Amino acid sequence: MREKLKVFIENKHVNNFILAVIIYNAIALGLLTYPSICQYIGKFLHQTCFACVIIFTIEMAIKLYVYGKNFFKDGWNNFDFILVAISWVPTGGAFSSFRAFRVLRALRALRLIVRLRRLRIIVQAIIESIPNVAWACLLLVLIYYIFAIMGTTMYAESFPEYYGSIGKTMFTLFQIMTLDDWGSEFARPMMEIYPSSWLFYLSFILTSSFIVLNVIVGVIVNAIGEISDRDKSEQHTSDIEIELEKLKKQIAVVENLLRKN
Amino acid sequence: MREKLKVFIENKHVNNFILAVIIYNAIALGLLTYPSICQYIGKFLHQTCFACVIIFTIEMAIKLYVYGKNFFKDGWNNFDFILVAISWVPTGGAFSSFRAFRVLRALRALRLIVRLRRLRIIVQAIIESIPNVAWACLLLVLIYYIFAIMGTTMYAESFPEYYGSIGKTMFTLFQIMTLDDWGSEFARPMMEIYPSSWLFYLSFILTSSFIVLNVIVGVIVNAIGEISDRDKSEQHTSDIEIELEKLKKQIAVVENLLRKN
Amino acid sequence: MREKLKVFIENKHVNNFILAVIIYNAIALGLLTYPSICQYIGKFLHQTCFACVIIFTIEMAIKLYVYGKNFFKDGWNNFDFILVAISWVPTGGAFSSFRAFRVLRALRALRLIVRLRRLRIIVQAIIESIPNVAWACLLLVLIYYIFAIMGTTMYAESFPEYYGSIGKTMFTLFQIMTLDDWGSEFARPMMEIYPSSWLFYLSFILTSSFIVLNVIVGVIVNAIGEISDRDKSEQHTSDIEIELEKLKKQIAVVENLLRKN
Amino acid sequence: MREKLKVFIENKHVNNFILAVIIYNAIALGLLTYPSICQYIGKFLHQTCFACVIIFTIEMAIKLYVYGKNFFKDGWNNFDFILVAISWVPTGGAFSSFRAFRVLRALRALRLIVRLRRLRIIVQAIIESIPNVAWACLLLVLIYYIFAIMGTTMYAESFPEYYGSIGKTMFTLFQIMTLDDWGSEFARPMMEIYPSSWLFYLSFILTSSFIVLNVIVGVIVNAIGEISDRDKSEQHTSDIEIELEKLKKQIAVVENLLRKN
């Protein structure tokens, strides 16, 4: 029985069917956001979406039965399991006021990443690049925090909307770091009250963009470093070593011939 | 006859003349957008533009006659053919209300790319780099779509203009990704109604810029990888191998001498 | 006595305790910016912050006693010393109106960088990359200055707010370089008075972004150059040299055998 | 006489004096833009600036006398000559209404680049990198032009301010490419009249940023390519070749010994 199910669940056509269900589900969730479409086929879409969840759950149950504990040894399977489990978070009835619950449905589309090998590789590459930049990000957060304390201490009274608390200031600083309207919205009105506040903005923008530049350079250099590492291990310098090995043997033959003489 | 036409169409001066016609046509189309200029020489410009189309068509007809089916074997020729064919889309009379038809005329200037080898190389390089980033772009679109469903589900009621439907939300998210006015136009007014919506903006900006960064890094790393591949094939490590080959022969001579003794 | 203190100050647990105090101090300074929190535990936070300063000072005093003059030979120690010294800048009483003094407290959080090796490495890398881009930055400043003189000379009368003096113009140019609202806020209103001013904006944006691009490329190329330098020194080409050395000895043996004959 | 002047003009102290004069002149031109400073020492500044021009002219005259025609063989000298010549463009009296003439004074500060070797190297590197990206820039201009014709043809009637003529449209497109306010200022108001105009904006932004990305990647890859070229010529692979040469000689000795036997 277990063997039969394993063959069934690993069958190419079954997998493609599940893939199609995932894509249909994603499109249906998108269509459900159009009120005009909801009026006509809203009920149908809701019902098929529920059918999708049933199919996902059956697939997951079969996989759990077939692979047992081994199923959870792969990180991607765990991720997949969570995505299916989230589908059962109640959204209607008494819970319909929790908008956040309904939002979780959209996450089901992430199952595509689990299913498509190429997407999985890219996501894995992105995740693996995180530790390399994690310390630089910690530095960025620290610089952020120090500037946030400074900004709040100095400007909270005059600009409570932007610098009222650490949280507000950090959001404002994030907006400034993305260079969004920093001049006309923040810096210029402030410079009319605190003429030397340009120093605060200038030092923050230069510091943060220099650190971000370092993060980006780090990612690029890492990626190139990996290429050159891969190159080295394949390098045909080893060809030369093989040639040298042959030469050595040839000379050893010559030596033996001489010793015999 | 066919041979004569082939010599004629591949003649350097004829090619330069066609190039000049393309450039004149592009400039004339530009001048036609100035009403003040149109008043004086508008008729002349229109007539010469039509003459350009005639010249292009004759050139294309000769090429088709000379090269026959082989003409369509090159992708650039197909592209060129389509550009000339588009010139005959009707724009005046009954069709003058289809503004989009008149716009297609501007595409004729793209013939310059077909004609100038250096531009063709760059365009080819850009097109060839697309498959390398296609999966990363698919991932980006998927993330986009999930955020769009989330955003529409949560904010459609309060902000119908920006988050009214999946389409509108995706446009808004694109605007946010380009960091254009995201703070003052979208995030701040929304945070007054949904105080925790900063999480939505922050996670979207960080996720999308990280993926975009990966796309850019991918393009750079690919370009550098190609250089290092080219380098390797030229590398004068092969010089060393030639030298080793010579050494081997020398030792073989020594061995033979010894064996004779 | 000095030996005992040295063991004490270099003890792992003591160091972790100091680290915890630094982090607590940073969090407390953040909490102090929330008026609602200040009301309840403001006094407690102020007192513990003062206790933190005492602990930092004692730690610093012990280190000065233990290491003597050698303490100041390390740049990081000097930086640490300054951060602790700044903690004693008066902020209350007669000095409470000097807001800038209170701001300096936030700098204490920078002690984290001194304490965490990984952060120190990143900061050192960033500092070391500065000389490589210093000249390019000088060039950028020079171009800035020339455009600032030009802008002030031309537009000071009509736009005193943006171009009233070299200082104002440089701030405006910085805002334009970050591409923040340059079109709608600066260029378009100005083009109504000075129609050819788009030339000023275009040339400034292109020049400055080209130089900035060169700075970024410089940083990336430097980082990659260092990798390839490190690679070369580790390269197993040296393996080949060792092999060649062995071959030489083998042949020398053959030669000796022949000479004996 | 000529020899004496040559020694004088190439003297280190004389050169440093000229450098100081250039810097003083730049600062004085900056100070002259402050009306409050002009009131007090404006006359003094004007007179010393004129003295600077005299000094520059004398220096240039000596150089022309000393080096003769050879002076113009170096591109930098030509540039320097033009900068000094520009200083004599009349700005006062009848010409005082030509604001542009007064602006040219600021260019004198560029003499710093001619004087400082490091700045000259950077500028030379930037200039040398231009041909590598020139074709990509031509492609960008072509794409620009085509989009400009399209935009003007489609939107000139409804948005004469932004799309009234090719020139206006190109400026608008440049602003869109820098992602400055493109959403709220251009795209959203237009989408209310032409609902499908998002296609125009999206395709332009994606196309132009992809080409710009290619230009940047080109600059980076070129810079890295140059490094790897330099590396190769220095590479100690040549060390291996020297070693192989020695081995060859050793074996030749062995061969000779054998032949003698």
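Every chain is named by a letter (A, B, C and D) in the order it is written, and numbering of its residues begins at 1.
Basically, a contact is a pair of C-beta atoms (placed from the backbone, for glycine too) under 8 Å apart; a residue touches a chain by one contact, two chains touch by 3 or more.
Just so it is clear, the structure is predicted and the values come from calculations on it, not from any experiment.
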| item | value |
| --- | --- |
| Chains touching both chain B and chain C | A, D |
| Turn needed to bring chain A onto chain C - CA fit, degrees, nearest 5 | 90 |
| Most distant chain from chain B by Cα centroid | C |
| Shared interface numbering between chain D and chain C [over half = same, under half = different] | different |
| Interchain centroid distance [CA atoms averaged], chain A/chain B, Å | 28 |
| Distance from chain D to chain A - Cα centre to Cα centre, in angstrom | 39 |
| Shared interface positions of chain B, touching two or more other chains | 179-181, 220, 224, 228, 237, 240, 244, 247, 251, 254, 258, 261 |
| Residues of chain B touching chain A in the complex | 135-136, 138-139, 142, 145-146, 148-150, 152-154, 156, 165-166, 169, 179-184, 187, 198, 202, 205, 210-211, 213-214, 217-218, 220-221, 224-225, 228, 232, 237, 240-241, 244, 247-248, 251-252, 254-255, 258-259, 261 |
| Chain D-facing residues of chain B, complex | 26, 29-30, 33-34, 99-100, 102-103, 105-107, 109-110, 112-113, 118-119, 121-123, 125-126, 129, 171, 174-175, 178-181, 185, 216, 219-220, 223-224, 227-228, 231, 235-237, 239-240, 243-244, 246-247, 250-251, 253-254, 257-258, 261 |
